[in-house]
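Chain naming follows the written order as A, B, C and D, and within any one chain the residues start at number 1.
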C-alpha cells in the first residue's frame, strides 16, 4: 500500500499522467489482480410461482411479432442494467401463444431453449422444425436462421413458456455481435422434422459429413431420453457425493459441448440427497425440472420448486439437497473458461 | 530399365553388394513405388448359405472352451496362409452354442462383432455384459478383458453366429501384438447391462468423464436404432448416387470411429437402386444384413444374399445394386489411412 | 419499436416486473443484439516522445519493490476507470531501474513483455532467467512464478522500459483471477539461461516432453530472429496488400498462439508502403518498433514513430502506411474469438 | 492345443473348409495373437567403412538419371526380398555425383534424407531448393515434386552420399502407393532458398497460413542448429539414464512429427556414457553422426563408428554406450503406432 506521507506529490503526478490517459498500476493492482475472484454477480433465485403470471401477462402487453422475441429478461441484482444473469450469460422466459410466430432472424449469439411449460410449439433452425416438449433442450447455433411458432388453438396450440439462455453479455464484452432479419417471417422449411436427429442422434453420422464448427448438428435433446439416461444410471448405482447423477449434453461429432460458449447439464438428486460443497470459476444458471429441495450458494439459502431458476456466480460454494426426487437442468460459461485454460474447481 | 549390354558387370556388382545385405533400388523401384496400388488381395464373396453348415459343424469338432475362440477364419485367396481378408483386416465366423463360454482374455488387437444369426448370447467387456441381437454391432476395445457366453438351452439359449472383425494382420505388420489370459473363465460382472449405453448413448456423458483413448465407451450399437436412423433418412429423401443411405458408426466422445483402427458403416439400398462406381485406398469387408443385390468389384460380379460376406480390396472400383431393399454392414481400415493422410477416393 | 400510445400500460407493467428482477427484452433487443459490433473502446495513440518522461519520473515516485510492479497503465478514453486498452486487454509501460527487483508473484492472468528501451534487465519464469533486449517478446504464462530484475549500475545496468500486455480485463469479466505472492523476493534460479530455448526453440523438443497446456514452453522470442525472418521474407518477395510482411508468433508445440488468450504479431512495412483497409472482431494494440508512418483507424488518422502505442477496437477499419521502413509489434484477443468461433474478418 | 486323437476327423474337416476359403482359428490363434511381438526383422548393423566403396562404385555402374534414384537399399536379413530395414521402414544410401540430377517425381511415400558425406548437393521440394550439409535432416513430404542435383566439379561439386529413409514397406502393406514422373527433369525453381525456413523456422508463421496436413512446412533441419541444441542442453545438465540427451524433430505448426509416418530423433551421448535398457513397439533405424560406442540390441552387440547404420526391431531391448562423445540420428515408425494407440514402452 502506498505510504500516506508521500501521497501529495504522488497525487500531483497522478493528475499529470491522467492527462496522458495513464494511471498508476500500483494503486489498483489488488483490485485488477485479486487473490481470488470477486464477482459482482450475486446468488439469486426466481420463483416460478411468482413469475408465471407476469410471463403470461406479457401476452397482453405485446405480440410476439411486434416484440420480435417476447421475453422477460432475468436480471442479476449485482449486475444492474446489464440484462445479465452472470457476467457472460443471459437468461429470460419466453412466451409464445397459440397461432403466434416469432419472426426469423439470425445472430452470432448462440442460444439454448429449455422448455418449461406447454407443448407443441416449434423452433425452426436451418430449415428444420423441432417440436417442443417440457424438459427438452433445444439449440439455435450461432448465425443460423431461426424462428419459433405455435399452432393455433384450433390445431391444439397452447401457451408455451421456455427459458432462453444466450451468451449475449459475453458477445457484448467481445464486441463480436452481428445480427440480421430474415426477409420472410418464417424461413422456408426444407427438411423433415427428425432429419438431423436421424443423421446424428444415434451414435452414427452420414459418411461424408464434415463438421464445420464446434456446434452440435443435433438441434434437440429430448427430455424423454435424458431422463431415461439419468434413471438408468441411478439404478446402476451411480451417485456422486457432490453432484448426484449428473450428465452433460454432448456434441456427438466432437465429444465437446453442444454450444461452443455454453455448457449444459442435467442432473438427478434422489429424495433425501444432501450433496457436499464445491465451487468453480464458471457461473451457472439452474432451472428446476422436477422436485423440490434446497440450494445453498455462498451465504444464501434457497428452497426450490419446479421451474424455479437460480444462479451460482463464479467461485461461490454451492451445495444441493433434494427433498423429493429432483431433476435440475443447468447451463454455464464453462466452455469459455476451459478453452482459455481458466477453469478451476474445488470440492470440499 | 537397365540396358541389357551392361547387365553382366552389374550382375557381378549386385552379387557383391548382396553380401553386404544391400540391393540396387533401380531394379525394384517400380514395384516398390508403383504408379497406383497393386493389391495382392482379390475381390471375393463367401455365400452364407454354403458356409452355414460348416460353421455349425465346428460345434461338433471342438468346444468353445478348448478352441478359446471357435471361429472359421475367412481367407482371401490372394493372401494365402495369412488368415486375412485384406492386408490389415481379419474376418471370421464365430459360433457359440447354448451353455458355452469363450474364456476371458485380452489383447492389443481391437475386435468388432457383427451379429449374424441367433440371439441371447452375451459379450462381456470391462465388467459389463451386452446381449446380442442380429444386426447389432458390438466392440471389444484393445486391451480390455472380454469373454462371450450363451445361456443354456434350458434358459432359452440358441446357437449364435457372428462375424468377428479384427485388425490382426495390421498388428502383425506393426509388431505390436500383446495378449493375456484372464485367471478366470469369465471376468467378474461389475456393472449392470446398459450402464455404458446410459452414460454415453444418449448424446450426453458423465460430467467428470475424461476420455483416455480413441475407442468408443459405448460397447453396443443396437441394430434397432441403426435401422431406424437409415429408415428415417430414406424417408427424409436422402439417397446418394454412390452409397444410397450410408451412415458411419461414431464414437460420441470424439466424433471419430468407435475403434481406432477399423471404420464401420451401415447402409441402406432401396430395391431397384443402381449405385455408381467409386474406389478408395481403404479395403472393405461387407456383410449383408437384409436383402439381395449385386456387387461389381473390379472385374468381379457377385450376387449377394443375407449374411454373405464380400471383400473390396484397395483401389478397386465398386458398384452396388439392390434387387430388393438391402442393408449392408461394412468395416474397413479407413482410420489407419486417414490418420496417416493416405486416404484417396475417387467417384466416377 | 414499441408504439407510443401503448407506452403507459407498458410502463406500469415494466415497473411491476422490475420488482421481480425482470425487464422486457423487446425494449433492449437492438442494443443487446446489435446488427454489428458497437465497441465502447475508441481508437487512440500514445506518443512515446510525450510519455517517456513520465515513465522515467515514476522511478522517483515509487520504488519497484513498493509498487510490486511500477507500471503506468494506458487507459482507453472510451473505457474510463477500467484500466483497459480494449475490453479484454490491458497495456502498461513498466520501468525497472538498475539494481531493482520487481518481487516474485504469480497469477492466472497471462502476461507478455515487449521490450521498448534499455537492455540487460531480466525476467525469471519457472526458475529460468531471460535477459531483455529491445524488440524481444517475452512471456510469463498463467500461474507461473515470475520476477523481474536489473543489474546494478556498477554491473552495467541501465533503466529498462517495456510494454506489459495482459488479459486482466478479460479475467475480470470471467471472474477467473487468482494471485499469490512468492515467499521470497526472487524465486530460486534452477535452470541455466537459454535452457528452454535449447529445448524448444530449434524446431526440436525433448523426446519425453508432454505439453500440459496451450502456453508456449519458449519464454523469449528474440528480436534478432524475428527481424531476420521478416527481412528474409521481404527479400523473397513476400508483400501482402493489407499486412505487408506479417508473421505471428507461434507455440512450437502446438502451432497455435504462445499465450492462450493473446495473439502476438510482428510485421514489416517497407518505406512508401500504403496498405489497404481491413477489419476484424479482435481488438489490437500496436507498438512501433522501428520507422514512421500513418495508421488510419475508423475516422482517426495517427502518425506514428518508434515506441508509439496505438489501439484498433473491434470491427474498425484499419489501414497502415510506412514513411520509412517500419516494424510493428502487435497483440490482440484473437485467440479468444477464434476459440469461440467468433472471429470475423473483412478485407476491402 | 488340439488333442492328437481327434486330429484325424479334424483334418478332414479342415480340408473341407479350406475349399470354402476358411481355416480354423484355433490352430493359429497363438501365432496370430501372440503374447508379445515376435518380429521377423532382426538386429543388424551396416559398417560404413565397408559399404562406402560399394556406394561410390555404384557411380560407375549406373548414372543418376538412368537409375532415377541411385540408391543401395539396406535389407534386413530377417525380411529377405522385402527391401526393408523394418516391417514399415526402408533405408538406402544414395549417391549423387557432381553435375548429376536425379529426375523430378512425386509419390505418396514420405521421404527423409539424412546427409552422411559431402556437401553442396541440393534437394528441391515444391519449387524451393535446399543445400545439403552433413548432419542435416531434410524432408520430401508425401506427394510433393522433388528432385536432387549436384553442381559440376567446376562449380565445386563433390560426391554426396545420404541416407534415404522412406515408409515404402508401410505403403505397400496399406496398398496406398501412388507415383508420378514430372514432365521435366527438374521442377521449376519458384522460391528462394531459405524461404520456408524464414516463414516457419523461427517460432513464427505467416499470419494467414493454414496447415493442410500433418507434414512440416520446414524442409530442412540444419545440423548446425540441432547440434547446438544438444550441446546447450548437455551443458544445462540434461542427461537421461536411458537416452542421454535426446531431442525429437518437430513440425512447428503442430508440435507433432515432421512426417506423419516417421519419427526422427537426434541424441548426444557423452564419452563414457552407459545407458540403461529400454524397449518399445516402434522399430528404429540409427545412423551414427559422430563418435564411437556400443549398441546392445536383444542378444546382439554392435560397436559403432561414424556413419554406421543399425536397426532395432520392435520390442527388442536396446542399450547404448559411448566410447567418445557420440551423436546419433534415428528414425522410426512411432507416429504410426501412436496414431493407432499401439505404442508401448518399457524402461528397465
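One rule holds in what follows: a residue touches a chain if its C-beta (ideal position, glycine included) is under 8 Å from a C-beta of that chain, and two chains touch if they have at least 3 such contacts.
The chain list, named the UniProt way, goes like this: A, B, C, D = Gentisate 1,2-dioxygenase.
Since this is a predicted model, take the numbers as computed values, not measurements.
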item	value
Smallest number of contact steps required from subunit A to reach subunit C	1
When subunit C is superposed on subunit D by its C-alpha atoms, the rotation angle in degrees, nearest 5	180
Chain whose mean Cα position lies farthest from subunit A	D
Same vs different contact residues, subunit B with subunit D, by half of numbers used	same
Distance between chain centroids, defined by C-alpha means - subunit A, subunit B (Å)	42
Whole-Å separation of chain centres (CA-atom averages), subunit A against subunit D	52
Distance between chain centroids, defined by C-alpha means - subunit B, subunit D (Å)	31
Residue list for subunit C, restricted to those that touch at least two other chains	none
Pairs of chains in contact (touch as defined earlier), listed by label	A-B, A-C, B-D, C-D
Residues of subunit A defined as touching subunit B within the complex	191-192, 194-195, 197-199, 201-208, 211, 216, 218, 221, 225-226, 228-229, 232-233, 235-238, 240, 243, 246-255, 265-267
Residue ranges of subunit B touching subunit D (in the complex, touch as defined)	2-3, 6, 9-10, 13, 16-17, 20-26, 28-29, 32-39, 41, 44, 46, 50-51, 54, 57-58, 61-62, 66-77, 83, 87-88, 90, 92-93, 107-109, 142, 168, 170-180, 213-215, 260-261, 281, 283, 313-315, 333, 335-337, 339-344
